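One chain, subunit A, appears in both complexes that follow, with subunit B as partner in the first and subunit C in the second.
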Partner chain A sequence: MKTTFAALVAASITLAAPAMADLSVPNLSYRTGPYAANGIPYADGFNDYFTLLNERDGGIGGEKVQVPECETAYNTEKGVECYEATKGQAALAYNPLSTGITYQLIPKVTADHHVLYTPGYGRTSAANGKVFEWVFNYPANYWDGASVAIKYLLSQNGDDLKGKKIALVYHNSAYGKEPIRTLEELSKKHGFELNTIPVDHPGQEQKSQWLQIRRDKPDYVIMYGWGVMNQVAIQEAVNIKFPMENFIGIWWSGSENDVGPAGEGANGYKSISFHGVGNNYPVYADLQKYVFDAGKSAGSADELGTVLYSRGMYAAMIISEAIREAQGMAGHSAVTPEEVRDGFEHLNLTEARLTELGLPGFAQPIAATCADHGGPGSAIMLQWDAMAKTWGPVSDWITADKDVIDPLIAEDSAAFAAESGTAERCN
Partner chain B sequence: MPDQLLYAMEVTLNGLMAGVMYALVALGFVLIYKASGIFNYAQGVLALFAALTLVGIQQGQVPFAHLINAVTGGHLTHFGWTVPSVLAIILTAAVMVVLAIVIEKLVLKHLVNQAPIILFMATIGMAYFLEGFGDVMWGADIKKLDVGLPQGISDTVEGLTDRIFGYGFFVDNLDIVATVVAILLVTALTLFSQYSKQGRALRAVADDHQAALSVGISLRFIWILVWSIAGFVALVAGIMWGSKSGVQFSLSLIALKALPVLMLGGFTSIPGAIVGGLIIGVGEKLFEFLAGPLIGGATENWFAYVLALIFLVFRPQGLFGEKIIERV
Partner chain C sequence: MFYREAGDFKTTYREDSQTFPIKFDRLRFYAVLAVAYGVIPLFINDYWANAVAVPFLIYAIAAIGLNVLVGYAGQVSLGTGGFMAVGAYACYKLMTAFPEVSIFVHVLLAGGVTAVVGVLFGLPSLRIKGFYLAVATLAAQFFLVWLFNKVPWFYNYSASGQITAPDRTVFGVFVTGAQTSAMAKYMFCLVMLTIVAVLARNLTRGMVGRKWMAIRDMDIAAEIIGVNPLTAKMTAFMVSSFFIGIAGALFFSVYLGAAEVGEAFGIQKSFLILFMVIIGGLGSIFGSFAGAAFLVLLPVLLKNLLVGALNWPTDLAAHIELMIVGALIVVFLIAEPHGLAQLWRVAKEKLRLWPFPH
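Up next is the complex of A and B:
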């Protein structure tokens, strides 16, 4: 009996843990629960990119990458449990796709020395590497997104928003409240009137909010939503005949999932994105050949090129490039989490390198430093074509107003440093 | 007329409409509780499952396609046909009847004479099972639900109110349809329970299980019947809510909107579900309109419960609930 039990334990450990020589990048994903429809394509894009590297290149620097997956259901407690369960496998980086989980993991990864990579989400002030040694959120954060939206609107209004009314419809959570301070500062700077309208989780009933918008008649609506809140908001906007071209979502409110249920009514809706969309990038041909045709994909082929699949793939690409950088710096391929942190901090992702990766023009170059964990803060504006069922860019890359954002980041990270007793580094 | 008064009238009208949508969900809870004393935790998931099945049938989706593809290495997704909405609704209703039979045979039959808490826990299990089963059967992606219901602002109401008040009220066409459907549904349920043999049997079981059994009423048949009707009500709720948000997991969370309605209207009254829904709908919308701007907004979720609790202070059994008298 004891022998059988020991054999079972040994077998389960073997199954659960990657081979000792492999690199381990856990995927804290959510394929169940209220946000599964968004979590699935993101997780598939993340997994498939590492599968591509393993199948086409034999891994990174000759080391295969294992991606042990753990289901969080977008639940913070489960997310922390997943972290605890996987960190012992020499995990190199975490990307939990949840601001709530990110906030809980920041002190843990700082103590345990693991990288937390949160592109476009998480704690915005983690962009300050002087305080947040183990957290990286390049290429853009929530505050960059708010600033990009306003800069885009400035460009549409002859650089003058004085007297304009802008409403922020936001998920009534830590995530949704993130842009308020930034928009308040931008409102002072550019003279527009800001009205903030919260929507409680999950956001299936938004009649009051959209009646208010109908009464107030704002010129533009910016949305920071997630999950069902997005679909209902877009449908309600259609119902009150709000002009879709004046309705802008942050990148978490701009996937095919969000506009699909409203059908043709959603035509013209806009969304900010920090990466390109569509499957016209050469990397997709490789994904098709080495992953999908080989039957090794995590999801179905119709996900290729969709917004959230592309974003999961982008996160995996950044992590793999940081690992590659770490391998170069360390002079060996089996890098440690500490070495990967150095790789993240010295990442120099140029346009030439993006082209080599089969992603020309897909994202903005990144030149990280000890102090800069936030990246360029640039994004493009996309617009939904409901007839063609595609997103297309309607702007060039727009860089956030760093004069406004940087002081806010410095202020918030200083508060965190004082509260947690963190000493500033990079001096 | 002052603008604020006009806005308040518009909010009240929309509150009534929202209340009907809440009542549609609450009805399913009431039917099962009334007939069997079970608080059906799975009612929201039944709405999700019904809507998933409806879209799946309508679009000719292959059930369990992901599972079949994973095992066989195939690429099945759709049969290649579409089914007209009316036929798809009928077929989905049939699936809900089959589900009711399966639930009775596999779960309820084995729990006869168990304490209500055991039955309640069984429905929790059913809810989690059905969530996963629905995902595996039809996929977790967000599906557009279109059975031809009109959506968007009612130009008639807007034009009429504009002529009368000088301000056009917003009313969603879908909400008008939901109101008509709710009236038809409640009328049909009332006629069924008052004038049909099965309906009278159902009321007898609701009044006293033991007495109903002693006169030869089959408890198992009644359970299948009531779960089938609750399944159909869930389908109606799923169609109405799913038309707004698309069919997705969050549809199961509409149950949260029904709880304050049940607390207020009582767990055993069909009119209670309707009146409770209307009071909650109007109450939360008016409170949000009047007090929301002063206290930061997003008051509806919690205010609905506060309103229900205020009513409970005066009528613990709910407005229309049966008064509980227990003799020592």
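Up next is the complex of A and C:
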């Protein structure tokens, strides 16, 4: 029995070895399971941007980019399998879109020398490049998100949140727990009352949590949710007639898929984002021409310009820019993972460069350094218009309260360094 | 022809009651051990270790543990995931509190801690059985997961509630953390599995195991012939939880390296291991291996076949994979309700007579 299995597995793995590509950026995606509704558009945006580069420019610096996809189902065990299966092909960067998988991969990529790029998720203290050599999470992280939400609320309340009640509804996992410490610090600083309400995976059942919210009557609710949990939470909020404009989701809780099921009730729901949305950017004309019209897209055309599609594209854009930077620094186009890491560390994404890429004003400029892997930490507030079915910005770029976050990052990364015996770099 | 007792003479009681009384069986067993210890470590690479071998070995330990409880002692348990979590968190706390002690000791101690917790949650089995006991152990599952989520002491007050395994060694060789070689991971789990399997096999062949089986078959009759249900049931819970705790500790420290309780040790894990035991065969050590192999290796195999060899889209392959595994489970259970172990037994009977069936 066992030997037959082993023989079959052996046979299929030898068959499975794909052609060696010059540049390989694996896409650890999830298109199945309770998080698929969010995983699919992100993965499609990621794939499509690299397809665009291959079709329009012939790759990056003349080298085609291969994007081998591997299904993780947001499951850490499958994440390990996917990482091991793809790392042999000199994978340049990993973007697993899962905080749990990120935690697992951090020691592995550090030992194996691959870049782990986790825009807006993952381990927040990886923003400290002195400790986390191989991990990058610019432009913003979970703690920035929490701070941006509070700053926005401050601006709405004349810079005073004293005596206000704020509830945090969070996915009861590493991801959802991340902002608690920041929000606790901020509540001390600004004098609001914080109430944390966990929702267990996958979050299809939230009646009791929202009953609690109805009883406590918080002034604002902040949500750190993902997958089916978002849709259920927004529907429950509509059911208890919670005022939608006082309900703010982190960037992972604000896609069209999340607000859609609640229909018009979701009108006015707010969400933070670290990039622009909608398809008014010139790059979409190219995407339409080279990818969608050519029938090479990973998903359907109605995803174009949606929040998560844009975010997958954003991640792909940053990775491709880092590869370009690495090619410039190394002086040759077939770059190694080590060279790409240098590219990430010296990435200087300016407004002008974004305009060149067909994404003017899409995101904040990034100037990474050896110590700074966390980026500017700024984001905009979006609001959902259920009639027009679009997200529109309701604020300018808000920068996180670095006075609160930087000490927390230093503390958490120092704890990691002590635990893992990592020496500080960049001195 | 070659698989028979004829000519295989036993002259001592010891020989008569050995684990593999048939010579061919014995040789085959030594051959498997030789391959596992002597050949595989030479060729194993990161992918084979992390995606195939290590999860198989760890799930086999967990399945043996659950098989002791469900298959031999007849006490239904849905708390396996929770008990694995106890092993994992005990191991984490021990690893961080006593960094100088060998991880080998920590894993065994983690098993010991789980045994104590297991006995505690096994107490209701003295009053209730069957489905009611399943519900009581289900409560253990949810309570333990909630506990490890709720009390920050268990995860050393980290911001995210994740536990991460630090680098630890056995005889100077890394077996946890990122610097671990594929061979070290594999060997460490293999040694653990060997210890557990030999221990379980001999316990179930001896007086303890016979008491468990007496309780399983008919508890009132067992009590009348002098089996103390208290000690029999409690030892079953203890031994089972000990093994499951070891599996949980290895699962977190060697295999995953970082874990959060809800995701890694949720109710799905309890069901997965129960399915392994049922598909493999209740009351069989070999069945535990077969069940673990079936449910760990088959999905990886199908994935590589569908995505790697046939180039199907990953989502389609993932869905088809679920359907194929599900269908195979149904087919196997219809063809042989006693699991893969029974198929193996039937095959052996046939082999004994082959090629002259009369």
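The working rule: the second predicted complex is superposed on the first by the 406 of 427 C-alpha atoms of A that agree within 3 Å, B and C clash if a C-alpha of one lies under 4 Å from a C-alpha of the other, contacts with A are read in each partner's own complex, and residues count from 1 in each chain.
Note that a residue touches a chain if its C-beta (ideal position, glycine included) is under 8 Å from a C-beta of that chain, and two chains touch if they have at least 3 such contacts.
Note that the coordinates shown come from a computational prediction; the quantities given were computed from them, not determined experimentally.
J.: Superposed on subunit A, are subunit B and subunit C clashing or fitting side by side?
T.: Aligned on subunit A, subunit B and subunit C clash with each other.
J.: Touch test for A:172: subunit B only (first), subunit C only (second), both, or neither?
T.: Once the two structures are laid over each other on A, A:172 reaches both partners.
J.: Once chain A of both complexes is superposed, is A:108 in touch with subunit B (first), subunit C (second), both, or neither?
T.: Only subunit C is touched by A:108; subunit B is not.
J.: Using the superposition on chain A described above, determine whether A:31 touches subunit B (first), subunit C (second), both, or neither.
T.: A:31: touches subunit B and subunit C.
J.: In the overlaid three-chain picture, which partner chain does A:241 touch, first (subunit B) or second (subunit C), both, or neither?
T.: A:241 contacts subunit B only, not subunit C.
J.: Go through the superposed model and pick first if A:73 touches only subunit B, second if only subunit C, both, or neither.
T.: The answer is second: A:73 touches subunit C but not subunit B.
J.: For A:227, using the defined touch cut-off, is the partner it touches subunit B, subunit C, both, or neither? Pick first, second, both or neither.
T.: So A:227 only meets subunit B here.
J.: According to the stated criteria, A:200 is in contact with first (subunit B), second (subunit C), both, or neither; which is it?
T.: A:200: touches subunit B and subunit C.
J.: One more residue to check, A:266. First (subunit B), second (subunit C), both or neither?
T.: Touch partners of A:266: none, neither subunit B nor subunit C.
J.: Please determine whether it is subunit B or subunit C that touches the greater number of subunit A residues.
T.: Partner touching more subunit A residues in the overlay: C.
J.: Just checking: does A:181 make contact with subunit B only, subunit C only, both, or neither of them? Give me first, second, both or neither.
T.: Only subunit C; A:181 stays clear of subunit B.
J.: Please state which segment of subunit C collides with subunit B in the superposed model; the candidates are 21-29, 39-47, 75-83 or 129-137.
T.: That would be 129-137, the one stretch with clashes.
J.: Residue overlap on subunit A between the subunit B contact set and the subunit C contact set?
T.: 31-32, 36, 40, 172, 198, 200
J.: Which residues, counting only subunit C, touch subunit A once they are in their complex?
T.: 46-47, 50-52, 55, 96, 149, 158-162, 164, 166-167, 177-179, 255-260, 262-264, 266, 289-290, 293, 297-298, 300-301, 303-305, 307-309, 313-315, 317-319, 340, 344
J.: Going by the contact rule set out above, which residues of subunit B touch subunit A in the complex?
T.: 7, 10-11, 14, 17-18, 21, 66, 73, 75, 77, 131-132, 135, 140-146, 151-153, 170, 172, 241, 244-246, 248-251, 253-254, 257, 284-285, 288-289, 292, 296-298, 300-301
J.: Can you tell me which positions in subunit A touch subunit B when the two form their complex?
T.: Spelled out, the residues of subunit A in touch with subunit B are 31-37, 40, 172, 196-200, 202, 204-205, 207-209, 211-212, 214-215, 227-228, 231-232, 235-236, 238-241, 257, 260-261, 263, 265, 295, 300-301.
J.: Which bits of subunit A are touching subunit C when the two form their complex?
T.: 1-2, 5-6, 8-9, 12-13, 15-18, 29, 31-32, 36, 40, 69-71, 73, 75-77, 80-81, 84-85, 87-88, 99-100, 103-104, 106-108, 110-112, 123-125, 172-175, 177-178, 180-181, 198, 200-201, 408, 412, 415, 419-421
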